[in-house]
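The chains carry the letters A, B, C and D, assigned in the order they are written, with residues numbered from 1 in each.
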Amino acid sequence: MAKHEYIINRRVEFNETDMAGIVHFSNFFRYMEYAEHAFFRSLGHSIVDPDLGVGWPRVHCNCDYNHPLMFEDEVEIHMLISAKTSKTMSYQFRFRKDGTEVARGNVTIVCVRRNKVGEMKSTRIPPEIADIFEVAPADKLAD
Amino acid sequence: MAKHEYIINRRVEFNETDMAGIVHFSNFFRYMEYAEHAFFRSLGHSIVDPDLGVGWPRVHCNCDYNHPLMFEDEVEIHMLISAKTSKTMSYQFRFRKDGTEVARGNVTIVCVRRNKVGEMKSTRIPPEIADIFEVAPADKLAD
Amino acid sequence: MAKHEYIINRRVEFNETDMAGIVHFSNFFRYMEYAEHAFFRSLGHSIVDPDLGVGWPRVHCNCDYNHPLMFEDEVEIHMLISAKTSKTMSYQFRFRKDGTEVARGNVTIVCVRRNKVGEMKSTRIPPEIADIFEVAPADKLAD
Amino acid sequence: MAKHEYIINRRVEFNETDMAGIVHFSNFFRYMEYAEHAFFRSLGHSIVDPDLGVGWPRVHCNCDYNHPLMFEDEVEIHMLISAKTSKTMSYQFRFRKDGTEVARGNVTIVCVRRNKVGEMKSTRIPPEIADIFEVAPADKLAD
């Protein structure tokens, strides 16, 4: 059964804060990746799989911030598959603290293989991965 | 004379790479901030100015990646002021390596003051800062 | 009952690796702090406590590395209180993967208060914190 | 002519600070590495050299902190070669701000090659690297 969403919690660490006393905005992208990789593991896979031999560089990302996160805040990261093509996947991420959405972001990744000179070239997502994810229903994504 | 653009170079550091052998995508946002703060300094200011008493949280950011950056690559960061309101500023960032654009991103910041209970509330950008930046010409931004 | 040790697990994240394919050595210090703060929480405290009004800068740290850690490795962090004075605490950290010690480090922190001009000055550890930790038995530390 | 020391400056970046308003202690190790790699470059080499095919994992590091560093502080990093064996090199690092030493640290690296199953095994430092560095005079190191 393909899955379209995943939820994981994470507690803000001291080194993730900056002198403004809040989580540095760049760390939300690390949080997104944290959720993505846990989603893969929850389906019995790893995003780094030598047998598949593909990589997943990010080609786009964005984030909108509504409320700051602070040290030891427990944040819920809700990840949804927002789009899928033969070579790319797009994710939506919602960050909630005590039920309030504090940030929302998106990431698009592309499946690549290295060519003979080591350059990354886009390639079809292997079925082992393509088949375990499905795009979330439109109404969920629009929420 | 208000300024609308700034260029600074930076060399990729080892700790900024990941096991894929390229700069981790989240670091581009640190690079953007690096350029922003150097732009402020180049105009005789610091983004952290106790006399002004304002903060500048980020409310939006995004980045599109065309080519990876690798260890010791020298990257040129070209920052343009893309929009200005009474309380916000938006930046465009272009990353170039050997003349080729490898990534392009945007950041919007909002000027805030802390209220009595420590919450950040948006406020007018002090003239000391508002007056030194101007929006870049439309054709430059559209380039 | 004062406590002298704490164990917590953590999974290596992608952004913590570098182009050598292993966890960047500086991240072990973030892992140590992660364990320290969880130890505080496990005893009903936070290392950031506005009621106490003290800070805990690090005055010494070190780490010896025996084996690399890789992406998605699950590492056990074993933290022991190795020394305590009226103003400082020292910790020993042992990192294990599949039962094998991969690294061992130490951190010494000092309790400080800000003086009127904002400088950090060492101060006695408040009893609320001093009383919940005790030095681990010598044979455990020597192990 | 082999060299035994190198000095480079660096300005503290916003994301390197934490909620205590000072540079997070783990970042001093990133600063050390920054100086090391610039030292290599200053001698016409890169610490990542495919022709040599060796790696340089860190096997020990430590740091003592005397004074905090803050945003936009300009710190001078003074690196000295403190020891050299056939397979390892040790460095001493002194951090100065406005002439005052704020921190001092050490790092030991070991030269490795990957064996057939990808494990890192210690190996002799290639002469191309061994010959360009020499241990600093004892009185300089003891200073």
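Annotations
In this section, a contact is a pair of C-beta atoms (placed from the backbone, for glycine too) under 8 Å apart; a residue touches a chain by one contact, two chains touch by 3 or more.
This is a predicted model, so every value here is computed, not measured.
The greatest centre-to-centre distance from chain D, using averaged C-alpha positions, is reached by A.
Rounded to whole angstrom, the centroid-to-centroid distance between chain B and chain D, based on C-alpha atoms, equals 29 Å.
Distance between chain centres (mean CA atoms), chain A to chain D: 34 Å.
Distance between chain C and chain D, defined via averaged C-alpha coordinates, is recorded as 23 Å. Listed for chain A are residues 14-15, 19-20, 22, 26, 30, 33, 48, 71, each touching two or more other chains.
Judged by the touch criterion defined above, the protein chains are all mutually in contact, each touching every other. Contact residues on chain A toward chain C in their complex (touch as defined above): 13-15, 30, 33-34, 37, 41, 46-48, 71-72. Here chain C touches chain D in the complex through residues 19-20, 22, 25-27, 29-30, 33, 48, 55, 57-66, 68, 120, going by the rule given at the top. Within the complex formed with chain A, the chain D residues making contact are 14-15, 17-22, 24, 26, 70-71.
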